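There are two complexes below, and they share chain A, which is joined by chain B in the first and by chain C in the second.
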Partner chain A sequence: MSLVSEITRNLVNEQSTMQFPQSKPWLESLRADGIDAFKKDGLPDINIEKWKYTNLNQLNGVTGERSPEVAVNQDQITWLLDEVETNKLVFVNGYFKKSLSKIIDVGQGIRISALCNELLNSDFINNYLGKIASTADNPLFALNTAFIEDGCSIVVENCKLLKPIEVVYISTGSNATCHYPRNIIIARNNAEINIVERHIGFGGEVYMSNGATEILVEDHSKINHYRIFEDAVNGINLSSVRAVVKDYSCYNSFVLSTGGRLNRCEIDVSCAGDRANASLSGVYTARDQQHTDHTTRIEHLVPNTTSVENYRGALDGSARGIFQGSIFVAVGADGTDGRMSNKNLLLSSQAEVNAKPQLEIYADDVQCAHGCTTGELDDEALFYLRSRGITEPNARAILVEGFLNEAFSGIEEQTILDVFHEKIRDWMVI
Partner chain B sequence: MLEINNLHVNVGETQILKGLNLKINSGEVHAIMGPNGAGKSTLSYVLSGRAGYEVTEGTISYQGKNLLDMEPEKRAGEGIFLAFQYPVEIPGVSTMNFLKAAVNSVRKYRGDKEFDAMEFLKFVREQTKILNISDDMLKRAVNVGFSGGEKKRAEVLQMAVLDPILAVLDETDSGLDVDALRIVGEGVTALRSSKRSMLVITHYQRLLDYIIPDVVHVLSSGKIVDTGDKNLALELEKNGYEIYSEAVA
Partner chain C sequence: MVAVKETLDQVQTVEKYKYGFVTDIEADQAPKGLNEDIIRFISKKKDEPSWLLDWRMKAYEHWLGMKEPDWAKVGYPKIDYQDAFYYSAPKSGDDGPESLDDVDPEILETYKKLGIPLHEQEVLAGVKNVAVDAVFDSVSVATTFKEALSKEGIIFCPISEAVKDHPELVRKYLGSVVPYSDNFFATLNSAVFTDGSFVYIPKGVDCPMELSTYFRINASNTGQFERTLIIADEGSKVSYLEGCTAPMRDENQLHAAVVELVVLGDADIKYSTVQNWYPGDENGVGGIYNFVTKRAACRGKNSKVSWTQVETGSAITWKYPSCILQGDNSVGEFYSVAITNNCQQADTGTKMIHLGKNTSSKIIAKGISAGRSQSTYRGLVKMMPKAEESRNYTQCDSLLIGKKCGAHTVPYIESRNQSAKVEHEATTSKIADDQLFYCRQRGISEEDAVALIVNGFCRDVLQELPMEFAVEAQKLVGISLEGSVG
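Presenting the complex of A and B:
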């Protein structure tokens, strides 16, 4: 039996022995869908095109057991946006920590809570949960669905919530266990949401976080989704986002991934309404034996939708970076404008990048472009900086930082832009 | 201050400089003129320590030290500055941050206290006024989208803030219109001092209307073939370099 199927079996066994505290028929049925889909397909292996470059054999050492609830002290959490009065939600091993969180905006179209509370108290979230993503599309979504219990639930209608919501996901790395945060983010009817997510891990043990997020933006709404993945050295973070963007709405994603042994960050967006727009920006950095994988798919399903994608990576040591970006234009989706750019810097001779841009176009009147480069630092630029007195290591750091920062030129909020720049600088000086 | 003796330099298999001799005293402005391919830019790169220029023979002594032993950043710390003919674009790095990194690196090397953000801003603004450089230009990425004139003004700004002992200006007039040439020429002239030497490499005489040289050299086929005062530049402008190529041939 292959390692992947063994892990699959463990995960399924674990799931079937679980007792869910909050039982509702629709929720039971959703979880059953997840487990059925996962039983059928199991963990993806490298024969699946989307998983060609990321072998989940790297899960070796993960037990398949669920992560325990663990207490975390306030002083173990540093906030990125602490100077602002913002909503803050903390999850430890996938469980909401009320005592560490602070939800200040409620009512008037704003509904921010832990998913477990939504599941316990009403059927409201049944309108969305499992309706945006299909378990058949993505085996990791199916696995997450089998374990739906807690996560972040944000629904904003007819209200521009400009102050960012800060969400921290902590993995404590207890006994090689797994957790499955499930998030749902909805902006409807002239709504705006800004979310800053951060994924961190403690300790040196292996763990797996398999997060899944469903996002719906509709009717003149906008979501700015900022995410920073800084998992612990042996952390495995497999994250899937499924977003649907409808009429005159916009989903902007900014992802920075620097940590963990394995980080797979998959984003799947459908532009499914008139003038829908998706913008995906990302930076991945890795060194030593790290493996970082950013796989995206943007579907243009109706006429006159637009997308821009800009990912940059810097790989050092023996690290491996994967970028797979695909733009799909459906039959009849005329007037589509889709642009994708991916640039990579190799900082050592052992580092590796696999970049695979893809266009799949079934409409006639479209503008689509993709560009992809992989190279080393520019000697001329390096000499220019050194000729100004800047030492070689500093000159290299400045060039790498500048190269990566370019991916985030679309961040309009200065405090958040500063955070991203600072995180990139932190990676440089380690 | 600077003494170059019998300098031979190869780029790849090709010999570019073939026994160049040059001596510059403190505070002097020397111009080097010459036809295309004479080795003018090679000389500027050898002085600033660019890789790929192999010195096969000869010496360069700078303030009594062996310049050829030094890394580019050390040369900058020791006071050598090269204004590039083609300043390099660096996307993603703001001009302000670049200048601050450069100035603080050099200050650190020279044993001066590094500037904090406020001190640096004040310091740099004194220089930008003279060179007609806007705050907006400082926010933009280094040389990215700069016009020819902006690039050269930015080079002179770097020279001003790095306060070199020997400034090498490699065809600083190339790509400049009349107004930009005047601003750059005046900017450089303002930086003349008895403690600062300059080596102005140029193809045309026009920059020397603004930066009046003490000594003019003609570089042809890898050697200095003539030396004179500022009038030599005027003669060259009139007669061209042909007589030198014949002499060498």
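Presenting the complex of A and C:
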């Protein structure tokens, strides 16, 4: 039996013996759907085209057991947006920590809470949960659905919530276990949400965080989704986002991944309404034996939708970086404008990059383009800085930083932009 | 303006698929189906040495355990490999033709109709200076200019003849670039290949004329499995052309060829193809399944390979001419135009594997889809750890004509060397309305305007073709798109 199928079996066994808190029939059936879909194909292996470059054999050592609830002290958390009076949610091993969180905005179209509360107390979330993403598309989404229990649930209607919501996911790395945060973010009817997500890990043990997020933006709404992945050295973070963007709405995603042994960040967006717009930006940096994989797919399903994608990577040591981007234009989706750019820097002789920028187009009145480059730092630029008395390590750092920062030029909120820049600088210094 | 007028004239003078006729000729065929006996039969017919039969058998055995690839973006009903003839040769007595006078006049007539001169005096009288190897179904029927070439030490002959006359060369290089176990269709070819061309250019020789092979599938229900092997020894240079046509038939016919190029130090091979197999009718009935493996190995320092292809025919094209850039400073180029119309499907591209230092490659791919066709560019650029300072530049552009077609780009970029630079860009769009308006305003009909604009779109590639081919290719671009507008 291959390693991947062995881990699959462990995960399925674990699910069948799980004792979920008392729950509703619709939720039971959603979980059952998830485990059935997952059982069918199991964890993907490298023969699956989308997983060609990422081998889940790296999950070796993960037991499949559900991570325990662990207490975390307030002083173990550093906030990115401390000075701002904002909503803050903390999840430890996928469980909501009420004592560490602070929800200040409530009422009038704003509904921010832990998913477990929504699941226990009302049927409201049943309107959305599992309706935006299908378990059939993505085995990791199916796996997450099989274990739905907690996560963050944000629904905003007819209200612009400009102050960012800060969400922190902590993995304590206890005994090679797994957890499955499930998030749902809905903005409708002239709403706006800014959400800053941060994934951190403690300790040196292996763990798997398999997060899944469903996003719906409709009717003149906008979501700015900022995410930073800083998992622990042996952490494995496999996250999937499924977003549907409808009429006159906009989904902006900014991802920075620097941590973890294996980080796979998959984003799947459908532009499904008139003038829908999606913009995906990302930076991945890796060193030593790290493996980072960014896989995106943007579907243009109706006429007059637009998308922009800009990903940059810097790879050092023996790290491996993967970028797989795909633009799909459906029959009849005329007036589509889709652009994708991916640039990579190799900073060492052992590093490797694999890129697959893909176009799949079934309509003729479209403008689609992609560009992709890989290479090393420009000697002339380096020489320019050196000739001005800047030491080589500093000169290199300046150039790499400038190269990576460009991906985030779309961030309008200065405090958040500063955070992203600072994180990139931190990576350079280590 | 003169050039424009010329293009228009050319576009107007050519009819639809004018190569669709059948030559009524008695054929010597092996029984239908594929098994060890058929392979022995082919090998015996060709009077092959035992090592080659063993090689075929190994390939067949391997093939039995292989799965047909399904990753390409093409759809077709399952092929019954037992329902085809694997050997068909024009009946011409027991031995092959000794000279052109022995060749069946019907066949000569066929090539004449196709515009391929086989009589050397005709050739000399005309403008073309091209040596031709004509392959009809499973066998080579005539090779011209053999003597003139042999004076230079160049070997240009059917591969079945080379097996007998130059076994040491064939044995050394056959399967050295595309091994018998390579992929489903190449393995099938290794087991049942019937004929094809063999070229050897000795050290330091610059081949004085273009070499050309003309492939023709005639018999119904036959698969054509040719195998071409070109060896350019150190410091030599050759330009090779390949053309192909087939009659219009309702059934689908399989063409699974293998082309191997071996380029030694400082040598240069330019390989051009105008592929115009029968594409099927407007409803997608009939047409050739063109599943071809082409690969070049640049083995020495400073060696160079250039692939140029114009793909207008075939119901399905599955073809990835590749370069393995092993020698330091070696160069690989790929220029491609793929035009699909009606129900055609094309999944084509290239692989550039950079192994040596300072190797460079360039890919220019233009895809044009019209009607209900699907066209895909699929390519791989791979920089291995030792490919210091290597370079690749890739540009793939797609043009869409009509609401029901599709154009797809699937590039794979894998870099494992810090100093290697890879650049890739791709665009997809339709013919700009203002360009079309400009032409229409000057009294050019819509269809001609499209042909004109498309020719301009393909210019970067077409200009890489040798002269005679470039003219033919330009015409083809026009006819292939007939009926795609309005």
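The definition used in the following text is that the second predicted complex is superposed on the first by the 429 of 430 C-alpha atoms of A that agree within 3 Å, B and C clash if a C-alpha of one lies under 4 Å from a C-alpha of the other, contacts with A are read in each partner's own complex, and residues count from 1 in each chain.
Just so we're on the same page, a residue touches a chain if its C-beta (ideal position, glycine included) is under 8 Å from a C-beta of that chain, and two chains touch if they have at least 3 such contacts.
Here the structure is a predicted model, which is why all the values come from computation and not from measurement.
**Student:** So, does A:Gly402 touch the first partner chain B, the second partner chain C, both, or neither?
**Tutor:** A:Gly402 contacts chain B only, not chain C.
**Student:** After superposition on the shared chain, which partner residues are touched by A:Asp364: those of chain B (first), chain C (second), both, or neither?
**Tutor:** second
**Student:** Of chain B and chain C, which one contacts the greater number of residues in chain A?
**Tutor:** C
**Student:** With both complexes overlaid on chain A, does A:Glu380 touch chain B (first), chain C (second), both or neither?
**Tutor:** The first partner, chain B, only.
**Student:** Have a look at where A:Glu392 lands relative to chain B and chain C in the superposition and call it first, second, both or neither.
**Tutor:** A:Glu392 sits against chain B, while chain C stays out of touch.
**Student:** When the two structures are overlaid on chain A, which partner does A:Gly332 contact: first (chain B), second (chain C), both, or neither?
**Tutor:** Only chain C; A:Gly332 stays clear of chain B.
**Student:** In the superposed arrangement, which partner chain does A:Lys356 touch: chain B (first), chain C (second), both, or neither?
**Tutor:** After superposition on chain A, A:Lys356 lies in contact with chain C alone.
**Student:** Who does A:Ser348 touch here: chain B (first), chain C (second), both, or neither?
**Tutor:** Second partner only, chain C.
**Student:** List the residues on chain A that touch chain B in their complex, please.
**Tutor:** Interface residues on the chain A side: 378-381, 383-392, 394-395, 398-399, 401-406.
**Student:** Contact residues on chain B for chain A in the complex?
**Tutor:** So the residues of chain B touching chain A come out as 48-51, 71-73, 75-77, 81-82, 84, 87-93, 97-98, 101-102, 105-106, 109, 141, 158, 162.
**Student:** Can you name the residues of chain C that touch chain A in the complex?
**Tutor:** By the definition above, chain C touches chain A via 71, 383, 385, 398, 400-430.
**Student:** Give the list of chain A residues in touch with chain C in this complex.
**Tutor:** 49, 331-332, 344, 346-349, 351-376
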